[in-house]
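Both complexes below contain chain A, partnered by chain B and then by chain C.
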Partner chain A sequence: MDETVAEFIKRTILKIPMTEMMTILKAWDFLPENQLQTVNFRQRKESLVQDLVLLCESKRASLRDAALLDIICEDVDLFDMERFKSSFEKILRRALKNVTVSFRDAEENAVWIRIAWGTQYRKPNQYKPVYVVYYSQTPYAFTSFCHLKSNTPLLSQALTVASNHHKIVKMDLRSRYLDSLKAIVFKQYNQKFETHNSTMPLQETLELDMHMDSRIIHENKIEKERVQRVTQETFGDYPQPRLEFAQYKLETKFRSDFHGGILAERKEPLRCLIKFSSPHLLEALKSLAPAGIADAPLSPLLTCIPNKGMNYFKIRDK
Partner chain B sequence: MEPATDPFVTPSTGLGSAALRQRPPSSGPTERPALLPGACRDEGGALSAAMFLYGGGAKHAGSDWFGFEGVDGGNSTLVCVSERRGVLAHLERLETQMSRSCKNLEDPPRETAESDLGTKIHKLRCLRDKLRAEVKQRQARIKASTANAEPDQTLEISEQEAVGGKEENMKAILQAYRFTGLSGKRTSRGVCVCISTAFEGNLLDSYFVDLVIQKPLRIHHHSVPVFIPLEEISAKYLQTNIQHFLFCLCEYLNAYAGRKYQADQLQRDFAAFLAGPLQRNSLCNLLSFTYKVEPQGRSFPFCARLLYKDLTTTLPTDVTITYQGTDASSTSWEEQRASHENLFFTKPLYQVFTSFARNGERLDMSLVS
Partner chain C sequence: MDPYDTPESTPRHGASSRLKGYFIGATPLRKRLESVRKQASFVPTPPRRKIPQCSQLQEDNDPQKFAFLLHKQWTLYSLTPLYKFSYTNLKEYSRLLSAFIAAEKQKGLAVEVGEDFNIKVTFSTLLGMKGTQRDPEAFLVQILSKSQLPSENRGQKVLWTGWFCCVFGDSLLETVPEDFTCVPLFLANGAETNTAIVGTWFQETFDCHFSSLAINAFNLSWMAAMWTACKMDQYMATTEFLWSVPCSPQSLDISYAIHPEDAKALWDSVHKTPGEVTQEEVDLFMDCLYSHFHRHFKIHLSATRLVRVSTSVASAHTDGKIKILCHKYLIGILAYLTELAIFQID
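Coming up: the complex of A and B.
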């Protein structure tokens, strides 16, 4: 059984709620009853799934069997906005009596939630609310900065349960522009596609400074063209999403070309924080090589920001 | 010392017979006698002479110095070499000698240079006039020949036109391919597939999937909305059966586009029938609204809840209509409710509401008559 089938079965079983697990597996009728009984259904879901996948491997499940399982447990996500709102509010209120929750339906599939936190003895502070934007039927939610960090687990739990997911993870992606975060996370930024209908020229002509005097010749034209080409391949032609920071927390050994030196002899890793800030960070990075400030191609640590959806990195020695 | 036997010094033939005469040093090594700017026919000869002289000088470490007199047909040059030592000094001497001999050559031609350029200009002008006349002749000839309408030339032109026409036709066909719903274009990495969605004859949005042809096949980037289960579909079919992958994705996208179109249309064109906001989710597979059969509605509204459990269809799988009015138990309302349910199950939304509108008109007509 190859890896893709194993992965597919694993994902399918993960989607089955625990209450229906036995019924669905029986309906599937691929793993015999006696084998199912050897599995411990009371353990954590991830471990259970691993055991089940191993059993499937031993029985050499094919893609057809996996597809059959998928059909049986086809659980279409019927996201009901009203149910989400009521569920979300209920969870918060159950844990904290002093909380104000309000909803606003923004664009067709997004809901804006405003939460004013209080404590057991204090009324909610209306001047420091937290805003959450949730896009239905997507696994993403965006929250504004929360002053009271102690309420974050509760907020996460409410979001997870109300949206019918089983886990929530905080992404290392922060920006002041919600649209840019959306663009990065929903992969809406690289929207240039080749079609027969477009009037895109086959070769991009190098446009050096148009205001330059025609008597001025660029001596390093070839190098300039190479830099332009590499920059275009890395960053593309589209407008970059807007971020203000990129932060790198390094915990690595110092590496230098010079043998010796105080820093090179340290056995412990060096800890430092490097922060790049700009009104428009990605455009600034894009213009580094053409301006001659950096070599092209740029370090992948800088260029992977929109692809990985991260702008806060922790780098350690392997 | 006999110059003839000295291996470093040889008489230069260019300057004619030369008689080497040794001159006694008249003054100290700092004196530098000037080079007489005589007419020097063979600069190479003068140079070589100097070199050969120096060759002799080097051997004898500046103690002696030679004067070299070239005699030929009246142009004689007296070249004296000073006693300054060192390679740099020698190079300096050579340089000054070179520049002087060059100047000697240059000065006379200066007057002739200008006249030379003048003649050159004149010649080029004549050539230009000649070429212009020739061009005019040829153009006249071509005009004359096309006026006669020679058949083979027009045939060439029509062939070219035919090829151009075919190319235009081909391009148009490729562009029109998107109306089939699934089209693609080769890229440097692989292929960019375009899925053009449509619903009931209306062309809707296009979605793109840029595939990289490698082992394993992978998606470079795409414009499919995030709530469409693209990862699931590609996990199932992308590596094994790419046709099925594309058809499956087409199904999902077309169904989503159709549902979205119905919901948008309801909100836009039949807003008068809605008693409250239309509630929908990203996939448009759960719609919840309250509506009235008559826009001016004295009647109580109905609550509709449409579920589209099958993401590949544009008609709901579950319909729940409830009636909130006071006479909820009356049979007429029950009949209406049942018929509405049936309508929602079988027809797209705009058709349902159009029929409401038509029924309303019929009702009005019946009231009038």
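Coming up: the complex of A and C.
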């Protein structure tokens, strides 16, 4: 075997993580099963690689075989759904004897997972399952509310390890509508196309009303138009993703231009918890400025919700 | 805030300031309305109230006595004076109401599945639940069920509770002739059907009339300020406000919870007159909360509807529901509610 080929094979195999070694070698199908079994996979990686390269040499691996190995490595880097599922289930079962795990493949490289939790002594409770939807081509997973909070670390671990990531972070984003969450994190809600004529239809509508009865004057027409325009710029023309609430934990000092003196000496901030709830929060917020209940533009604390993919916030004085 | 606005004309905090602007242009009319109102016998909401203190009468009593009234949600009603009600006939009333309830239930008007008809009604006085000696004694009515099962001990389960009281009801007591007993405030806990049956019996027996007692935003703000002003050794609950925003097509609720110590600090900074709460102080207190909120969210809470306030002392909902959390200020809370009830009767 050529020196360069041997070196190439050695470097390629070195890049393979130990957890995938067997899978890849089997997929490569160059070294037969019985030969692989003679190799000690528990030794240090450098020694293992040396043994494998020797085997390749004895079988006279060509550049073509080496290139094939390289392709397979790349391919396995891409997601293997079956491997994810078996790995996920294995991790749960290793920790918890009584657990029911089911999978259903869905569209767009998504897999729905249903987990019924039990305990060491009790069978899984089928009436309180947790659902997880994992989009394999993205670093996002969505989980339903878990009654047994103690199982959350285990679930997180199973997801992280099985999907080959090294860390999982809980986002401050919750909603009853999976599609809305998807729209927000995958940034699919913004269907707006930039046009210079976006303000024209609005003006036309007002014009029409005026022609119907010239005795009716729209008071504050300019301000109302400004509010409409600003609202449209902030929220866009498209339907908003559906969220039910947003929560803000505020720890900010009381400051007011009109109430000078109130709490002036107090160094501590006011500790507040503000919660907005609505069947369709973003649509409701969008209607506030036009209704005169809020200023336009609305506070960025509210308008940033879809952009930041958050609906739980902690705000402190800078 | 115009103190002469009747609660009915100010259902929304924001609406009242708009009405005010409207009247400025019609000064002569307004002056005439004011003089007519002054001649009428009703009591306008005062611009100042005393901060609830532990009343002398109550301090003599064992706090445990009224413990069963705390931490329950009570639905409020105002009640016109009772004709020929006597505190010596309470046993008789128990018997009559008991029979009435049994008859109503057998008529099938209010059948609750699984409920056994073995019920008992008790009337008892609640001594000490009054403001002055002039106030009539408060009394309690309870519907209890007697357990049929031999396995359960012969304990009785309380199905429904209602109590009648009058705390600092002088303005009503002065106007009412002798045969009448004034207990304008009625609080009920339990199934609505039972409240309706008991109400019907009282109306038929004592020629009185019950009305639901709603609490508007104006009074909720007062309650929030007064209860925040109360001295508390320990805070059991966070101070919380709930607003309902009239936007369409979707409704929006805004809940604003503030740490009770911070609410107290804000109140102390606003409060100037010792022992009393004034209209200006209530307005300023609420204004500060609105302003803090507006600074962050650019939303005018004053343009929305205050629906619920909750403090460590008590919580109240605009639909006329109240929960008393602290026995120390029970009398103060009842005094305010009595005032609202009397106002509604007039």
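A few comments on the model shown:
Following the convention adopted for this analysis, the second predicted complex is superposed on the first by the 210 of 318 C-alpha atoms of A that agree within 3 Å, B and C clash if a C-alpha of one lies under 4 Å from a C-alpha of the other, contacts with A are read in each partner's own complex, and residues count from 1 in each chain.
Operating definition for what follows: a residue touches a chain if its C-beta (ideal position, glycine included) is under 8 Å from a C-beta of that chain, and two chains touch if they have at least 3 such contacts.
Computed from a predicted structure; not experimentally measured.
Shared-chain residue A:Glu82: touches chain B; no touch with chain C. Contact with chain B, but none with chain C, is seen for A:Phe186 once the two complexes are overlaid on the shared chain.
In the superposition on chain A, A:Glu7 makes contact with chain B only, not with chain C. In the superposition on chain A, A:Ile305 contacts neither chain B nor chain C. In the superposition on chain A, A:Ala67 makes contact with chain B only, while chain C stays out of contact range. When the two structures are aligned on the shared chain, A:Ser136 is found in touch with chain B, with no touch to chain C. Legend: residue contacts after superposition of the two complexes on their common chain; A:Val49 is shown touching neither chain B nor chain C. Shared interface residues of chain A, touching chain B in one complex and chain C in the other, do not exist. Within the complex, the chain B residues that touch chain A are 171, 174-175, 177-178, 183, 185, 187, 192, 194, 208, 210, 221-223, 225-227, 232, 235-236, 239-240, 277, 279-283, 285-286, 288, 307, 309-311. Remark: chain C residues 238, 245-259, 262, 265-266, 269-270, 284, 287-288, 291-293, 295-300, 303-304 touch chain A in the complex.
Put simply, chain A touches chain B in their complex at residues 4, 7-8, 11, 63, 67, 70, 76-82, 105, 108-109, 135-138, 140, 185-188, 190-191, 193-197. Chain A meets chain C in the complex at residues 248, 250, 252, 254-256, 258-259, 261-263, 266, 268, 270-281, 283-285, 287-288, 291-295, 297-299, 301-302, 315.
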